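Here's a structure for you.
By written order: A, B, C, D, E and F. Residues from 1 in each chain.
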Amino acid sequence: MSNARNHRRRLVLAFGALALTPILTHAQLFTLTKEQMIEYTAQNPFERFPDGRPKVPDALMERARELSSEEVLAVLPGKGFRNQYADGFQILHPRTKLVGRAFTVQFMPLRPDLDGIINARAQASGLARMNNQAAIDMLQPGDVLVVDLFGQKEGGTIVGDNLFYYIMKATKGAGLVVDGAIRDLEGISRMDMPAYFRQAHPTAISNVMISGINVPVRIGSATVMPGDLVFGDAEGLYFIPPVLVQQVVDNADVIHIHDEWTRKKFDEGKYKSSDIYSTPKDPALKKEYEEYLKKRLEEVRKNYK
Amino acid sequence: MSNARNHRRRLVLAFGALALTPILTHAQLFTLTKEQMIEYTAQNPFERFPDGRPKVPDALMERARELSSEEVLAVLPGKGFRNQYADGFQILHPRTKLVGRAFTVQFMPLRPDLDGIINARAQASGLARMNNQAAIDMLQPGDVLVVDLFGQKEGGTIVGDNLFYYIMKATKGAGLVVDGAIRDLEGISRMDMPAYFRQAHPTAISNVMISGINVPVRIGSATVMPGDLVFGDAEGLYFIPPVLVQQVVDNADVIHIHDEWTRKKFDEGKYKSSDIYSTPKDPALKKEYEEYLKKRLEEVRKNYK
Amino acid sequence: MSNARNHRRRLVLAFGALALTPILTHAQLFTLTKEQMIEYTAQNPFERFPDGRPKVPDALMERARELSSEEVLAVLPGKGFRNQYADGFQILHPRTKLVGRAFTVQFMPLRPDLDGIINARAQASGLARMNNQAAIDMLQPGDVLVVDLFGQKEGGTIVGDNLFYYIMKATKGAGLVVDGAIRDLEGISRMDMPAYFRQAHPTAISNVMISGINVPVRIGSATVMPGDLVFGDAEGLYFIPPVLVQQVVDNADVIHIHDEWTRKKFDEGKYKSSDIYSTPKDPALKKEYEEYLKKRLEEVRKNYK
Amino acid sequence: MSNARNHRRRLVLAFGALALTPILTHAQLFTLTKEQMIEYTAQNPFERFPDGRPKVPDALMERARELSSEEVLAVLPGKGFRNQYADGFQILHPRTKLVGRAFTVQFMPLRPDLDGIINARAQASGLARMNNQAAIDMLQPGDVLVVDLFGQKEGGTIVGDNLFYYIMKATKGAGLVVDGAIRDLEGISRMDMPAYFRQAHPTAISNVMISGINVPVRIGSATVMPGDLVFGDAEGLYFIPPVLVQQVVDNADVIHIHDEWTRKKFDEGKYKSSDIYSTPKDPALKKEYEEYLKKRLEEVRKNYK
Amino acid sequence: MSNARNHRRRLVLAFGALALTPILTHAQLFTLTKEQMIEYTAQNPFERFPDGRPKVPDALMERARELSSEEVLAVLPGKGFRNQYADGFQILHPRTKLVGRAFTVQFMPLRPDLDGIINARAQASGLARMNNQAAIDMLQPGDVLVVDLFGQKEGGTIVGDNLFYYIMKATKGAGLVVDGAIRDLEGISRMDMPAYFRQAHPTAISNVMISGINVPVRIGSATVMPGDLVFGDAEGLYFIPPVLVQQVVDNADVIHIHDEWTRKKFDEGKYKSSDIYSTPKDPALKKEYEEYLKKRLEEVRKNYK
Amino acid sequence: MSNARNHRRRLVLAFGALALTPILTHAQLFTLTKEQMIEYTAQNPFERFPDGRPKVPDALMERARELSSEEVLAVLPGKGFRNQYADGFQILHPRTKLVGRAFTVQFMPLRPDLDGIINARAQASGLARMNNQAAIDMLQPGDVLVVDLFGQKEGGTIVGDNLFYYIMKATKGAGLVVDGAIRDLEGISRMDMPAYFRQAHPTAISNVMISGINVPVRIGSATVMPGDLVFGDAEGLYFIPPVLVQQVVDNADVIHIHDEWTRKKFDEGKYKSSDIYSTPKDPALKKEYEEYLKKRLEEVRKNYK
């Protein structure tokens, strides 16, 4: 995919990388420098993409498919991350979970003075224009495109079915989140990639401009960083900072086993719910549970090696 | 203003004062006595649970599965019951009808002074706390848990998937209605029990207190009594007073046969809709219909014996 | 203020004076004369029903089943038709497209003085009443009933399952659009006809009167004419003036082939999205596309003969 | 399906065919003929304007200024007029009542085929265009302009401050009601004419067309006829059919005196509210009230002569 | 499932059973006994009304007029009372504060079986009916009528102008709070009593029944107890438990003086806001402030004696 | 105000000015460099503040007080600026216009990893914390504080009455715009500074972090640049790029005179609205108008010298 790599190079030029001079970045309206990306995501325990974006490992992403929103909530607020959840979306395939690394794009209502500057730079760097396709062409396998289109319906349509198809190919079906709209719902709903959007509308994208790529964005009441693990289920979306991903999936193993044991006990029909849940009251039961947990955890975790 | 004082006295009488004994019931914040339950549901023609709650027979519940909202509406308003319908819910399994006996729970926003009293009493009686599980542990087969959580989303989550599973076992899959939220939508949606809720949210229940169990509650613009037959279809929910259940299902038989005959006639392709519906205009057709109705009613009702 | 009086006179002339013909009218509260229907739809290139309503040919309706909202949008606004789209409906069968000829009905909140006049006339002409069934009995195969019930929920229910069934038979399953409600959702959802509605409610239609049949009506922010081609997909509804139907379906062939080719190219995995979409940048690719388009168009259009 | 054809024929008859008179037409998209206006408002007991619109006398309009919404409600529903009230408006001067005769205008979303016909006719009659000013130029003293702009905000602005000023002059300050928007709120709010509108927006009117002048229109859930007495207070708007105006204002005299007496009694501080209101319980008080009412009614009504 | 039966027994105990005497109270649908009222408001440090309702002293009510919502918030959540604020009301006189003792009334949608019981009892005690006037006739000077009408607009109108006038007289102008509607807005807005309501509508109260008088009620997301100090300003309403009233007003004195000093300093124009607010950074300024506070507190509090 | 100047200097250090090193900017989460500010506002025809922010002259701000929203709209969209208007605010003093230079602040939902970085830097530069007061302390006379708090109500309160008072002093009463909330509405409403806000709530600001100062921000559907002329009237807010300010106020002179003449003509009572407005039809009138315009423009503009 050398084409894409060239494109990336040109973009980097456009966005002021190389950056021998102090000025470049022009960050607000565009992107973070690699140094800034690393600084803002300093707690990331994993590898990074060439532009500094954290790269949650594939193996953890695989385990994250077993999560539910509640299992993320079991960890994040306790660590001070209380603004990582967003809901109120239409969900394209409510029975398929969305898991991937956040690739963020921020739009603002178009303003010709700013738009002129953005596009002049883009062109100087070899891009035809700075638009939704410029961002889409940067996507990697495992990326979830996370777009702030400020809830716009008419003209706030990040993609139709052709670009949706392209994203599906480029990200290996990871997914799309847009606080805005999509078009071609008819065609898109036949494609096998998770998507969260506010509305569908037949218009093409218009009257907006890209103000940032891979910068912090706000989706509903959540603050999303590039490289966050995006997790979506039938309830809503969680944006999980890389530093907490391991803890979330490990803790979820415990919750899964706890649920498993709890329902076994309920199945026996001998107990009130409060005898068993959330913690068994009877010391013998408590012990039974703890042994069950230990054994099952071992079994489960064997598979991860 | 001795007039007002007299008025107060009369009110106290009206409201059942005399009250020579101390304390008892504490009803507003909790439950009805058996005597009150019987008084408030005096028209109930069926047996009762030990606590006085009406027990609509299983056989009628079975027949009620064939109802639609319109068939309930065909009877209730004519009897003065104009506030027994509620809609605007998310429906977990829109193609499965909900039928069961109302077991009601009312919550209010938590207030520490009242909550302290509630829990002190609960503990004095051997309960750890007065909370959602205390109510859930009282459920019987055929009960539908009907919860007023005043539409609360965050923290207004009556159950997650473990307690949902318990309710499904305890009620034999009868169902759940909550004017509030549930959590663990992911897990719950794989379980086979009807549920009507306003929202889903990952938070656990919090910042609320139980103010009544098996008392009259308001769900949307309906007033629900413990022991009402709860009926839910793809449109919404009806809370049917026991005294009207027999009439509703009997009348529905007629409607079913009327629909059957009407569509047969439409299938013939010879009539305008107004020739046939809602009443056949032609005397010969009218007679044909009446004979059909009579014959089919006999067939249908044979099965009930 | 003789100026104003002259103005009034000129208005009367403008508004269709001359009118030597007997045919008229009382139109506002009822229907267009055949002459008016023809005048208002003068651009119609197709045959007409006996009452002057345009009759888009069956063959074009068949081709319209392959459309999507975006393909209609690709033509209409460019021709000045910017108010032909409506959305925000509940869709009975979101995966089945709705295609048919608009048969319009307008309701207004009931007013006894006007309702009296309407019904007196209806009875003088042998109709029992002017009501929803009077309109429904006029439906033809291929008609879509398009009803302005001003979004009313309670009492704004154009049909229940019996009349829905009748419409399905009479229109050969073409469909129903109501800016208002339906009842009997339970029964209707088992029938195989597309329907777009705002709400479902158990009440029967009441407290409204028919103010026009086959007159221009407003559905959301769209103006619908009798005889418009109604097209509905998972996004919303388009009301296409007959004069533009041919162009819409012809243009859609091109779009379909363009999408086909675009995705083939994306499948090759060698290109960025902007290399290919919306127009191939490389002259060789452009030529390839044009040849592909030409060949496929020929293939596709062969089938239409 | 000859049945359906007959039905159609009967409908045409019902809808006013036969029509031997020359009386023009094209009504749906424009205006009622004088004959139609008279027919639709046949119960009007007062004089009429040259175009047939009922003319509630000035003296009754003057008395109507003393009304409140509740006093209109006291009469209309009992006469079967249950859809004459609309609220949810922004009110320009909430402390000034609006009273006047309805001059109605209906807009629809612009559609170039229909708009072309409308304007061709307008020009043939010497009008530059059929637009909001064409309607405004027809206003008479005492008229309230009642406009259905279907709640449109952007582009749904019936007037700005210059035309508002013109209407104020032409109607002698009677007023404006628009189910849509106004612009120039800044300037308009300094002018002394009542106005009810949904929103204010800076755009000029656009993307709409006039579909009817002095035809029945819907404002919220009310049906308004030309010549209705429009009454607005701080709560909302009532559209009173001329036939009921006298009864409404006469009955309001009784209500005013009843309120006067009730408060006098409350001022005495000797009574509970239920001793006095809504009807005095004590026979002596009842008699006192009846004498008071009789005496005051005479005094009040003396002034009307 | 003997476990569940034991559970039920314990619950009954917890909920105050023992109940050797028959019936009485019937509290849920009506009122608390004096004993219950005292138990539920056990922390009340003040006198009580004859029915046990706490009576916050007039002198503290007077001081409470100087409060703002923020000054209540400064105390309540810290004491665990996080659900005592409600907003989203229309405010009759936004520049006049509302202060008084809560007299609570709860309505539910009418249900003829329950309504029959309620009224039979009322009549047995000499009341004509149990309705809004029965409650209003119990009001005392300083009471604020706090009504849960579940946000109902049509028919949810607790009073019109006559009964509003009566309440004004009976409570000495203390005020009205209704989570529902009022009618006669025109007349009411000329009366000098604070009122908070959701909507205004011309209909009279209907289709509801009183389910409790002076019981805990929910207003928005607040739980209100009879005898709470109701405080309303331009933002919203606080329901202050009597036990916290003294602390709230005392603490507000400090806040007032702090604001006074802060603005004096800002007036000097020498400081950034953060030099002074919320706490002066400079030790000398801090000392100056503390001395000022001490002196002014003494002055202010002298007046309370 | 040397204190404020020091503060500014420290902020500048914190935000990386002087900027000899490549690191500085860190712009996304903070501020634009002076170079970026100048680049993004390159069309500014006026002087600049030391940080590069455009400084619309006081004299033009004075003339802007005579504007209305419509007069801004008369110029901006024609120049391609279609996204500069925002409405839907609560307006503190609807009869006082807001005019000033935009000083923008952007908040995002708090995220501890980012918040830690922001505050570490702030502290390294001598600021206690990066919070709302840090921004407020930078305000200059004539500045309008424009805050994106993403519509947050609880905890989204940019200021209470003390800081509102400070802003009033620091900006000489220019004003406040917050897409979020304020607290202390009671106290603030007695202060004489224009303010536009979404809601009022008693909570203090919390759970948010400052992500940018004097960067482009989105307010509703408008994109605001630091230094834009903010104009607010009873309808809403316009953010006018400096390059268009002169043209807007000059053009408004013409509109004022046009309105003046139009109403004079309407006052004569001889004309229909369309004779005069928007352009006089009669050539003689047209000439009269043009002469009037010329004369009055000269008079008006004399005052500007």
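Quick note on the criterion: a contact is a pair of C-beta atoms (placed from the backbone, for glycine too) under 8 Å apart; a residue touches a chain by one contact, two chains touch by 3 or more.
It should be emphasised that the depicted structure is a prediction, and the values quoted were computed from it without experimental measurement.
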Chain copies touching (chain B, chain E) - same or different residues, decided at half shared: same
Which chain's centre, taken as the mean of its Cα atoms, is farthest from the centre of chain F? B
Where in C-D, B-E or A-C does the E-F interface recur, with over half of the contact pairs identical by residue number? A-C
Distance-wise, how many Å sit between the C-alpha centres of chain C and chain D, to the nearest whole number? 32
Approximate Å spacing (C-alpha centroids) for the pair chain A, chain F: 35
Where the centres are mean C-alpha positions, what is the separation of chain A from chain B, in Å? 41
In whole angstrom, what separates the CA-based centres of chain C and chain E? 54
Where chain F touches two or more other chains simultaneously, the residues are 272
Show me the residue ranges of chain D that touch chain F in the complex, using the header's touch definition. 128, 133-134, 136-137, 160-163, 165-166, 169-170, 183-187, 189, 200-203
What does chain B use to touch chain E in their complex? 4, 7-8, 10-33, 35-36, 39-43, 50-51, 79-84, 108-114, 117, 121-122, 124-127, 130, 134, 137-138, 150, 152, 207, 211-213, 215-216, 218, 221-223, 225, 241, 243
If you look only at chain E, which of its residues touch chain F in the complex? 68-70, 72-73, 85, 87, 95, 233-236, 259, 262-263, 266-267, 269-275, 277-278
